[in-house]
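In what comes next, chain A is part of two complexes: it sits with chain B in the first one and with chain C in the second one.
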Partner chain A sequence: MTSLTEKRAPRTQDEKRKTRGKTRRREHLTGWLFVGPFGVVFLAFLIAPLAYALYLSLFQKKLIGGTSFVLFDNYVKAFTDPSFLSGAWFVIRFALVAIPVQIAVALAMALILDAVTSLFTRFSRLMIFLPYAIPTVIGAVMWGFLYSRSFGPLTDVFGFFGATAPDFLSSNLIFYGLLNIVTWQWAGYYMIILYAALQGIDPTLYEAARMDGAGRWQVARRIKIPLIAPALILILVFSLIGTLQFFNEPQILRYLAAGTIGSDFTPNMYAYQQAFGLANFNYGSAISFALGGVVFVCVYAFLFFTRKRRSFL
Partner chain B sequence: MSESASAGHRRAQRHLPLQILLGFLVIYFLVPFWWVVVNSSKDAPGLFGGGNTLWFADQVDYLGNLRQLFTYDGGIYLRWLLNSTLYALAGGIGATVLAVMAGYGFAKYRFAARRFSFAVVLGALMVPATALVIPTFIMFARLGLTNTVWAVILPSLLNPFGVYLMHVYARDAVPDEILDAARADGAGEVRTFLQIALPLMRPAVVTVLLLSAVASWNNYFLPLAMLSDNRLFPVTVGLGLWQGVASANNAGGTSLWSLIILGSLVSVIPLIIAFFSLQRHWRGGLSVGGLR
Partner chain C sequence: MKTTRTLATVAMLVAASGLAACSSDEGGSDASNCTNTITKQDLPVVTMWAWYPNMQLVVDNFNKANDEVQVCWTNVGQGGDQYDKFQTAISAGTGAPDVIMVEMDRIPTFQIQNALVDISGYGLDAVRANYGDGAWKDVSVGDAVYGVPVDGGPLAMIYRKDIFDKYEITPPKTWAEYEQAAQKVKDAGGPLFGDLGANVPALMMALQIQKGAAPFTYDPAQPESIGVRLNDQASKDVLEYWGGLVRKGLVGTQDQFTPEYISGVINGNYATYISAAWAPGYLTGAGVGQGDDTGTFAVAPLPQWDPNNPVQVNWGGSAFSVTSQSKQPELAAKAAYGLYADEESLTDGWTNQIIFPLNLTALNNPEFVDLKVAFFDGQQANKEVYVPAANAYQGVVYSPFGQYYFDAMTKQISEMSAGSITGSQAADRLQEDVTKHATEQGFTVQ
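Let's look at the complex of A and B:
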């Protein structure tokens, strides 16, 4: 039927419009057929859980009286709950330190790898990227070994210089212990993204700058970094989302650092503990939803801010 | 590549300090691997005996440890590896198929509510995946799906970033003229997609496939929440379980520690091989997301 309408040349204006309308409708239909399967998954595993979490978070389960509708009581409870607040404060503090560190390291490595080409740099690029292929859980297990007092190398290394080894699993230093793990895990991935962006820059721009007497450092600062700003923003957003939902690494180190990392160390761990440890799904949902909301607002605000800023550059 | 290589050769010698700095960085990134490689050759006494922790003990016994790893608790470790492979392949391939189709659809068809739907997908990039785990768990519990492989595979099919990546790539790498020419030659929409568009999008497809498979392989929170039968665990949750057991009882756990160390090493080998062998494909695709 469709082939028929295609082959027959439209004669009158009216007929032409009808055929166009048909192809338009067909384009609508095929477009939706391509997007549809993803749309179903999107509704089922993103929209539905979010809506359900919101719904659950409006109820409270009590030992006496069963489940009752409490509107925003769970949120009021969360934002006055010292466990949730201290976890949220930790991830925010952690994000403020860890994200700049990771991106600075990634950017420095990408700039070096972009500027210097040799067999060794090609090898280094792969080795620096390697941790990305390691599950975060395994990465945390590995670093947990390295930090360990009983079989880690820190005692030996520091002992060699006659110093006492720092205990990265103690409550004083766990912040730095985790900082090191996430930097190790993610800097290589960010570096690859930035490196790919750097390689996409038209090299004639460098020639022009060099003619104008710009040094290597100036080329990097004035040309390379501004041109890869979109890639920088992309990884900033990724790392922000990732850091605020921090879970795997502290959850794994918890076993090794008994007493240092409590079950409310990050908001996600707290939600997990409420839901699966205490079967308090309503409150767990509220924390999840609140955290999701905080992440969404933070990222949105950040994107808005950078879009404004970018017009000044 | 060749022209920059010749130019780079000149610079390489001038920039010895940078290369030395790079050398230190490489050492930093490799130290944990080195530690694991060295210490997975040791038995429990070698591990706790106070020898050099960054060098091999007198007795190097990979085979014995491997045998122990794969026979411990009825060979559960191999099962975990196979589970991880299943989750990574099913989740990765499924998510990629959906993302490629949707990205292509968003880029190449003008349909009702397209802009709005795409904006919603972009917004979904900012929703943290872990916020969805608890409500999804309760939904699945109602449906009796928790503690089955579906509980891990189905949520992994969602990859909004893959859709975004495919959209950008399809928009730039698949010219409308070629598609129109194919249609004029009488090819249907499906054939145009499979035979014309798909080959043009291959670098991005490989990238999305690799990223989704890695995300599934690395996933910890979702299977940890969904699964209670340890025979369904992926290797991440399994090793986490062992680590908890080993830390809880210090004396009885000593033999388990060497299994965990070797288990970590064995579990990372498949992904490292996948990354290195597919290197040429994913490098082209990764730049896409960052350039726009």
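Let's look at the complex of A and C:
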């Protein structure tokens, strides 16, 4: 580079500055052009709807009396609304149970698949990942039938031992019914992420550990898990956000058990019901934002407590 | 639970409906995507949403016979799905069809939002004599008429003859007898006697009305004030009665209209099914009465509280309404009056038990009255049960927030079935919940 510039020496300082300015401007323009398509879509389909929903959430529409500006009244109502609060409490409880279960299953499978190398591994990996490839709606419908006491397998299995099959769609057991569906669907996906992280670990570390006398279990516990901690935290955040926005599975199972799964079962379902069932778009928007607030608080708290471990944010 | 979804999903849906409104305008009023084929291309076209299973035939019959207007029909979903779409179109101010099928209990809900047109000025007098007074009352708010009655839902008790024979019981005439019979079957180790589905609150409402409850009083001249009586003694009694049946293990708590429930009906898990006149058609469509259970069903009048003063009630029933988004209400009203009113369509409707006709030409037709219903093993169900029930029906005042009321009721029935509250508590909570909603919506609750 230096030799090239020396050969082109005769240019004045002024000219140099001009060209540099032009290049920079052109570079800027090119940059904006590259960002442009994304930016337009981002603004049109994320920022604008969000702003519009925020705007809507500041109004109240009554059947009698019409629309009026109420500022944050809808939010005050949401945070004192038993439907919203019980829904939010449900998804938080669900997250506290479902996330550790999913991650534990995913981690165990990833460690096994990483440690064992045989022809069977690739096949297993695919099979474990498969539920994620099945659309949520189809997965939920399928489980709805599997849970059925008339034509599901549960009656036969429990009948074999002389017991009555549990009804996973009843209000006592719906928590576990959903827990099972969610774990089935997502554990494979998390497993793939963890597996990829495990594959990225330098194998010489294992060799060194073995030389120091570490067994397989110790390698897994003291080397593998600490090294994939960032990936673990990443999927924890994913699943936390996803679980707090729980919607698809309960909404589908509602067709089978409307009594158990009310229209306000989770905050997202409640927002949907308010907006599209009761035409209360204003309150529906407020609930969405209130839920956004809950998600933000939960994720922030989580990241705060794990701040030493993370490297991706 | 898609991780890629951000917290904006619902917000986006909300806003997207604003965007989608521009395009769903086409869905609503563009005649190019009809399910039926319009042959008379040069006539004006009105769009329509409806979900009767034989709607294709009904629309074709209408279009063939009519030289003024043609109907472009689509089925956008059954019941709640269609109402959600209609409700969204109302909020968006665009996207609704010209003519829409609605159940009668929803009419005030849409009427109060000025979403329906009073069609009494568009040729009502010509057809008034074709329907009974109860039918007109159900589609009216005050003197204004917001729909043309099509289908009624007189309630009756469908029962399994094989189970009744086996346990030597006769159809109960009163609710007390109903419980005794249920106990007898249970004591003999028989199946459940009936079912209390939390997802069919409209049925519970009808049963409460049968005992004398009047859930809503509402004068359209004063739309801002409404009477809400959901926890009067009659309402409590009926909830207590059903809660008691559940507690004693006499009836199930399965949601109805689900594969689970239907398979239960086929398997003979329920001795009775309290349902409306359209139920046999629905059950047949769902595959009931075609296998081992062929000819096992019969129907008897709805059990009464006081056999000396029988009260007949309705579940469901539907009508054709004209929406206020229609730019051609007069033509739309013509379609609403004419559709499903011709003999061929009506006959197809009642022979296949798709509708219980409210049109008097069908209701008084001896062939209809004397029909030996195949589902009921040749029983003359119309003559014996449904027609007398329909004739005795007096009509009901429905609420202008039907969706909320039914959702709230579903919640309470579900809790009652789970045993966490009693029927009286359910009624009290329902009253509180609905009153609060009504107040929030700007009503003065009396």
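Here is the rule we go by: the second predicted complex is superposed on the first by the 293 of 313 C-alpha atoms of A that agree within 3 Å, B and C clash if a C-alpha of one lies under 4 Å from a C-alpha of the other, contacts with A are read in each partner's own complex, and residues count from 1 in each chain.
Here is the rule we use: contacts are C-beta pairs under 8 Å (C-beta built on N, C-alpha and C of every residue); 3 or more make two chains touch, one makes a residue touch a chain.
Predicted model, so just to flag it, every value in this text is computed and none were measured.
Asker: May I ask you to decide whether A:306 touches chain B, chain C, both, or neither, giving the answer as first, second, both or neither?
Answerer: Neither partner.
Asker: Could you look at A:185 and tell me whether it touches chain B, chain C, both or neither (first, second, both, neither)?
Answerer: Once the two structures are laid over each other on A, A:185 reaches chain C alone.
Asker: Quick check for you: in the superposed arrangement, does A:263 touch first (chain B), second (chain C), both or neither?
Answerer: second
Asker: With both complexes superposed on chain A, which partner does A:218 reach: first (chain B), second (chain C), both or neither?
Answerer: neither
Asker: Hey, is it chain B or chain C that touches more of chain A?
Answerer: Chain A has more residues touched by B than by the other partner.
Asker: Looking at the overlay, does A:247 come into contact with chain B only (first), chain C only (second), both, or neither?
Answerer: So A:247 meets both chain B and chain C here.
Asker: Quick one: classify A:30 as touching chain B (first), chain C (second), both or neither.
Answerer: After superposing on A, A:30 lies in contact with chain B but is clear of chain C.
Asker: Per the contact definition in the header, classify A:86: touching chain B only (first), chain C only (second), both, or neither.
Answerer: After superposition on chain A, A:86 lies in contact with neither partner.
Asker: Which partner does A:153 contact after superposing on A: first (chain B), second (chain C), both, neither?
Answerer: first
Asker: Check chain A for residues that touch chain B in one structure and chain C in the other, and list them.
Answerer: In the superposed arrangement, which is not itself an observed complex, chain A uses residues 45-46, 48-50, 52-53, 56, 136, 145, 150-151, 241, 245, 247-248, 255-256, 258, 268, 271-272, 275-276, 281, 284-285, 288-289, 291-292, 295-296 for both chain B and chain C.
Asker: Show which residues of chain A lie in contact with chain B when the two form their complex.
Answerer: 27-35, 37-39, 41-42, 44-46, 48-50, 52-53, 56, 109, 112-113, 115-118, 120-121, 123-124, 126-139, 141-146, 150-153, 155-156, 184, 188, 192-194, 196-197, 199-200, 203, 228, 230-231, 234-235, 237, 241, 244-245, 247-248, 251-252, 255-256, 258, 268, 271-272, 275-276, 281, 284-285, 288-289, 291-292, 295-296, 299-300
Asker: Enumerate the contact residues on chain A facing chain C in the complex.
Answerer: Touch list, chain A to chain C: 45-46, 48-50, 52-54, 56, 62-65, 136, 145, 148-151, 170-172, 182, 185-186, 238-239, 241-243, 245-249, 255-260, 262-263, 268, 271-273, 275-279, 281, 284-285, 287-289, 291-292, 295-296.
Asker: Spell out the residues on chain C that touch chain A in their complex, using ranges where they run on.
Answerer: That would be residues 1-3, 5-18, 80, 83-84, 87-88, 90-91, 112-113, 197-199, 223-224, 253, 255, 258-260, 263-264, 267, 400-401, 403-404, 407, 410-411, 413-414, 417-418, 440-443 of chain C.
Asker: Considering only the defined contacts, which chain B positions touch chain A in the complex?
Answerer: It comes out as residues 4-5, 7-9, 11-12, 15, 18-19, 21-23, 25-26, 28-33, 35-36, 39, 47-48, 52-54, 97-99, 101-102, 104-106, 108-112, 114, 117, 120-121, 123-139, 154-155, 157-158, 160, 163, 189, 193, 214, 217-218, 220-221, 225, 235-237, 239-240, 243-244, 246-248, 257, 260-261, 264, 267-268, 271-272, 274-276, 279, 283, 286-287, 289-292.
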